[in-house]
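Can you read through this structure? Questions will come right after.
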Amino acid sequence: MSPAFLLTQVLNGVQFGLLLFLMAAGLTLVFGIMNFVNLAHGSLYMVGAYVAALTYGRTGSFALALVAAVVGVFVLGIVLDRLGFAALHRRDHLDQVLATFGVVLFANEAMRMLFGSAPLYMDAPAALSQPVVIAGFNYPAYRGAIIVAGLLVAVGLHLLIERTRLGMLIRAGASNRDMVSALGVNVGWLARLVFALGAALAGFAGAMVGPILSIQPGMGEPVLILTLVVIVVGGIGSIRGALFGALIVGIVDTLGRGVLPGLLHLVLSPSLASAAGPALASVGVYLLMAAVLAFKPDGLFPVRHS
Amino acid sequence: MAAPLLAVSGLVKRYGGLLVTDRVDLALEAGEVHAVIGPNGAGKTTLINQIAGEVASDEGRVELDGRDITAWPVHARARAGLGRSYQVTSIIPEFTALENVLLATQSVRGHNFRGWTPVTAQRALVAPAEQCLELAGLLAHRHRSAGLLAYGAQRQLELAMTLAIEPRVLLLDEPMAGLGPAETRELIEVLQRIRHRYAILLVEHDMHAVFALADTCSVLVYGKVVFRGSPDEVRRSSVVREAYLGDEEIAA
Amino acid sequence: MSGTAPNPSAAREAGPGASRWRAGATAALMAVGVAVPIYAALTGDTYLVALASRILVYALAAVGLNLALGFGGMVSFGHAMYLGLGAYAVLLLGASGVTNGWLQLAILVIVVGVVAAVVGTISLRTRGIAFIMITLAFAQLFYFLFVSLKAWGGDEGMSLPQPSSFGPFTGNRTALYFALLATLAAALAGTHRLVGSRFGLVLRATRVNERRVRALGTAPLPYRLAAYVLSALLCALAGFFLANLTGFVSPAYLAWTVSGELIVMVVLGGAGTVVGPVAGAVGLLVLEEGLKALTEHWMAILGPLIVLMVVLLRNGLWSLLPGGVTNEARR
Amino acid sequence: MNIRIPRAIAIAALAALPAAAQADVKIGFLGTFSGPAAALGQDQYDGFMLAVEQNGGKLGGTAVQVVKEDDQLKPDLGVQLVQKLLEKDKVDLVTGVTFSNVMMAVAKPLAESGVLFVGSNAGPAPLAGKQCSANFFFTSFQNDNQAEVLGQYATDRKYAKMMLLAPNYQSGRDQVAGFKRFFKGGTVVAEVYAQLNQPDFSAEIAQIQAAQPDAIFAFFPGGMGVNFVKQMNQAGLLHKLPVLTVSTVDGTTLPALKDTALGVLAGAAWGPDLPNAANKAFVAAFEQKHKRIPSQYAAQGYNAALAINSALAKTGGSTADKAATRAAMRSAGFNAVVGGFKFNTNGFPIQDQHVFEVAKDAQGRVSLKTIATPLPALRDAYVGECPLK
C-alpha cells in the first residue's frame, strides 16, 4: 500500500464528501431553519440530473446544462413550496416525512412515465473527460472539477451566511425563528427562498453527478440516505457541520472500501479477511453514525439553540 | 436544633461568564411559606430548577431533611418529597384531568411496570388523586380532557399534580401566572388551606399573593439575594424599591 | 421532548357514544378477519387467505411499531430489523434442528429481547431526528450482515427447510391465518389494556412531556426502553409469521424501505390509536393492490394520495371515526 | 426518448384481446415492473408478448391469456403473487421472474404446485443443483454462465493477472466463482467487493490502478454498471486494459452509455448480431415495434414464449396432463434466437456462450458485436448435483 495509493484514496474520499456536501448543505439549511424534514430532496437532485442530461443532449453545452438544472430546480423549489410544502412546515416531523415520501414515489414514477426506466445518457464535457496523472495514478479531471465546485459552493455559502443580511437572517432563523419574525422579516418568504436555495443546490449536485452516475428513476434515494447520515453526523442546521460531516462520511466510506480490505489481509487469514472486509466496508458509514450519535446525540457541530 | 426541612447553601450557577445564581442560601421549615421575588431575569426559575435538579449546580449544596441531595436526579428528588410546579402550564393535554393526577399519584406508589389493569380502576390510586382534585377544586372536571379545560382550571390542575406526589416541600414557579383576579383569589385560598402541611418555596410576581401568603421574602437580583425579611420589611425596604425601580406592583 | 413525536390525540372526549363507533369498527374488522377464510373456503378463492395473511403480518408489525412510535413517541426508522430477525430466527433455528414452533418462539423472544434492549439503550440516548437516524443505522447494520451471510443465502435469501412445527397444524395455511388473527387480536387487546395502565400512562405522558414525568418522580428511560423492546418483540413475532407464511427468508425483509412502509401504515392509520395501525396496514396494502390492477404507474397515484391523506386527515384513517381527535385542542 | 404510456395501453389492449377470444391456456407472468430495476422486467415482458402477438395471440395453436403481476422486487410479495396466479387466476403456466431473490422465494410454492414454470431471467445456482425441479425450465442462463465464458476467454487470451470486481452479495460472489471456474493459467491478483448499489467507484478504480492487472472482470448490473463504466472511462482506464463484464453493458444500459462503452466486453448467450434466421426476424420485429434494439432480457422472454409455443403444440394446447406437458417441454424443439438450444436435465439451457464487444452496428448505433465463442454448448456447473435424470 503505497503513500501515493493512500493519497489517491483520500482525494477520492474528499471528492465524494464534497459531492455529499452539495446535497447536505441544502437539506441541513431547510431542516435547520424550517424544521422541515424533506425526503423529496433526493427527488430534486434527480430532477436536476434529468434537466442537465436533457439540456446537454439538446445543446451540447455543459455550462448551459448546469445553469438549466440550477435555475430549473430553483424554480421547482419555489413552486413546490407554494403548492403546499410551506403548509407542512408547521406539522410534526412524521407528517413531513410521510408527505414528502409520497412526493418521492410520485417523482420517481413521473420520471419513468416521461423518460422510461432505462438510464439517460450524459458525458463529461470534452475538456474534462481525460484523466490527469497524480503520483502515478490516473485521476479523472472531472472529479477535480467536482472538488473545485464543492469548495466554491462551501466558500460561497460561508460568505452568504456570515457576511450578508440574508445570511444573518438565516443564522438567526436556525436558532430562533420567533426572533426573525420579531425583526419584521417575512418568515414565509425567507423560508421559501431558503428552500429554493437548498433545492437549487440539490439540482446542482444532480447536474454535477450526471457524467459519473446513472441518471434514472430512484437515483435520489441512496444519496438521500447518505445525505441524512451526513447532516446528522455533522449536526442539523449547521453548514459547517454539513461540510465536515460530508468530508468525514466521504473519507470513511472511501477508505473503508479502498484501504480497509487490504489492511485486514495483513492481520487476518485471507478467507476471513475477504469475508469481513466488504461486510465492514458496507456498514462503515452506519457504524460511524451510530458511534457519533451514541456519544454526541446532537452531532459533531451542533447549532446552539437559544 | 434539628436541620431545616429544605436547606440550600452557597448555590451557584454560571452560564458562560454569567452568574445566574450567586451563592444563594435558603432554609425552609414545614408550614413555612418562603417567597422569592425579583425582577425578570433575576434567576428565580433557575434557582427552582437547581433545587428540583433539572439544572445542575456549579457549587453549593441542597439538603432535604438533613440528606444531601445535590447530586440526585430529578425523579429521585421528587420521590424524596420535592414537588414542583411550572410557570408554563405543564400538563398532559390528551389525558383527562384525573389521568393527569393519577400519573402523579402512581409515581410515588411503587414502580409502574404494571401493564394490564386500567389505572382508573384502581381505588388505591384514584382515591388520593380525587382528593387532590378536590383540594384544587377540580373534582367536577375530572373526566374532561385536560387540553380542553379553561386556563385557570389548567393552572389548578398543575397544582393538583404537584400535590399528588405527596411532597413535603413545594416549589411553586409562578402559580398565579396568567390568572385573572378572581382566579388568583381562588388559588390563594387553596394555598392558604394547605400551607400548614408543606414547606413552600413560592416564586411569584403577583405581590397580592406574595404578601398574603409569605412568611419570609427573599429578593433576588442578578442571582443574588439582596434582601431578606418579612413581607412588611420588604415593603419598606429601600433596597427592594431600588431593585424594582419603576415597578408599580411593589407600591400596591 | 422533541417536536418529532406525533400528537395524535391531543384531547380525547371520552363520551360513551363516541367510543362505541370505534369499538364497532374494531368488531367489524375482526368479523371480516374471521369471515375471510370461510368465504374463501366456500368460493374456493384460497388466494384471498394468502393476501389477508400478508396484510395481517404487516398489521401486527404496525401495531408493534405503534407502541414505540405512536404511544411512546419513539420514531423508529428501523423496525424492519426486528421483522427480519423474527424471520431469520425461524430459518436459523429450523436449519439447526430446532423445529418446534413454541421453542422457536421462546428463543426468538429471548434473542430479540436482548438485541432490542441493547439497541434501545444506545438509541434512546438520542432524541428527535437523531433517534430516527440511529435506528436506521442499526437496521442497516443488520441488513448488510444478513446480505453477507453466504451460508444463509446472502441477499438471495433461503427457503425454510421446514415450517415451524405445531403438531397437526404444521404448515396448514388456514391454521396459520387464524393463529395470526388471534395474535393480532391479542396484541390489540394487550395494547388497549397497556395504554390505560400505569405503564401506559407513563409512556404516553413521556411522549408529550418527559420533563414533567421526571418532576413527578418517575425516570422515563426504563419505561421507554421496555416499550421499545415490547414493540420490537411484536415485530419479531410478525417476522416469525412472515417466514412461515412465505416459507422463505431474505434480507429484503429488513430493507429500510420496509421500515418506511411500516411508518406509513402506522401514521396513515392513526399513530397513538390502538386499532389505527391495522386500518393503515389494510388501507395501504389494499390500495396498492387496487392501484396495481388499474395501471402499472400506480406509484404515480399512490404518492399524491399519501400526500393528500397527510394534509387532509392529519390524524390518520382511524380518526375519521367519531370519538377521535378534536382539532381545537391541537396546537 | 422513450415515451411509454402509449405502449402500455397497447399492451393492455393486447392482453385483453385473447381473453375476449376465450383463452384456453392462462399464463402467469411474474416480473419486476416497478422501481429502479423495472427495465429488465419490462424487456422480458415485451419480448414474451412479441412472440405471442406474432402468433396471433396463440401459443401452440391455443389462445393464451397472459396475467401480468409486478413483484416490486419484494420476495414476500412474489410468494403472494404466485399464490394468486395459481389459486385465483388458476394459470396453467408461469413464466418471467426477473431477480434471483424473488426466484428463490417463489421456487418452493411453484415446485409444489406442479405447474410448469419457464423462467426467462433469474437462474440461481441452488435451482440448478440440489433444489432443481422437474417443473422448472429456464430460457435464460444459470447465473454463473456469463461469467464462465469470460473466464474461458481470459484463459484463451492468456491474461496473466486478473482483477475481479463485483458487488458484495450472493450473485456477485457467484459471478466471481463462475469466472474463476474457467480461468486457468493466470492469477487473480485481487477480488474487490463493492457495496450493493454504491454510486461512487473511485475507491475501486484506484485499487485497479494499484494492482495493475492485465485485464479486469466486473459484474455490476443495472445502474451500477452505468456508474462503473462512466467512471472507468473518466479515469482513462476503459481503453487501457480489457474490461470483461457481465450484465454491465447490455441493452438496458447501452442507451445511457453510448460511445462511452465502446470496446467493453460482455459475456452472454445472446446478442443482437447472432446470425441465425430466427434472431434476425426477432430483432427486426422488435425494433419495428419498440423502436429500440432488444436486450438479452427481451430475447430470453421471446425464447420462453417460443418454448411454451413448441410444448403446447405437442400437447395439443392442453396442460391437463402435467407429466406429458413436462415431457413436451423437455424435448421442446424450437428455433431459439440464440441458435442451438436444448434444456439440460435440470431444466437449464445448453447453449453457446459468446463474448461480445460494444461496437457500432451497421446503422451507427452502439450495440453488441460477437467476437468469440469460447464455450459452445455450455452446461452449467451444478447439473451434477441435481437428482433429475
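Going in written order, the chains are labelled A, B, C and D, and every chain counts its residues from 1.
Keep in mind that, in the parts below, a contact is a pair of C-beta atoms (placed from the backbone, for glycine too) under 8 Å apart; a residue touches a chain by one contact, two chains touch by 3 or more.
These figures come from a predicted structure and were not determined experimentally.
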item: Touching chain A and also chain B, the following chains; value: C
item: Geometric centre: closest chain by C-alpha means; value: C
item: Between chain A and chain C, centroid-to-centroid distance (C-alpha), Å; value: 32
item: Inter-chain centre distance, chain B versus chain C - centres from mean C-alpha coordinates, in Å; value: 42
item: Chain A and chain D, separation of their C-alpha mean positions in angstrom; value: 35
item: Inter-centroid spacing, chain D versus chain B (mean Cα positions, whole Å); value: 74
item: Sites on chain B at which at least two other chains make contact; value: none
item: Residues of chain C touching at least two other chains; value: 7, 147-148, 150, 297-299
item: Numbers and ranges of chain D residues touching at least 2 other chains; value: 34, 168, 196
item: Full enumeration of touching chain pairs; value: A-C, A-D, B-C, C-D
item: In the complex, chain D residues that touch chain A; value: 1-5, 34-36, 38-39, 42, 168, 191-200, 202-204, 206-207, 209-210, 222-227, 230-231, 233-237, 252-253, 255-260
item: Chain A-facing residues of chain C, complex; value: 2-7, 69, 75, 122, 125-130, 132-134, 136-138, 140-141, 144-145, 147-148, 150, 256, 260, 263-264, 267-268, 271, 297-300, 302-307, 310-311, 314
item: Contact set on chain C toward chain D in their complex; value: 45-48, 50-51, 54, 147-148, 150, 153-159, 242, 245-248, 250, 252-253, 292, 295-299
item: Complex contact set, residues of chain B against chain C; value: 52, 54, 73-75, 78-79, 84, 86, 90-96, 99, 102-104, 106-108, 112-120, 125, 143-148, 161, 164-165
item: Residue ranges of chain A in contact with chain D within the complex; value: 1-2, 5, 8-9, 12-13, 15-16, 19, 108-109, 112-121, 123-124, 129-131, 137-143, 209, 211-219, 222-223, 253-255, 257-258, 261, 274, 277-279, 281-282
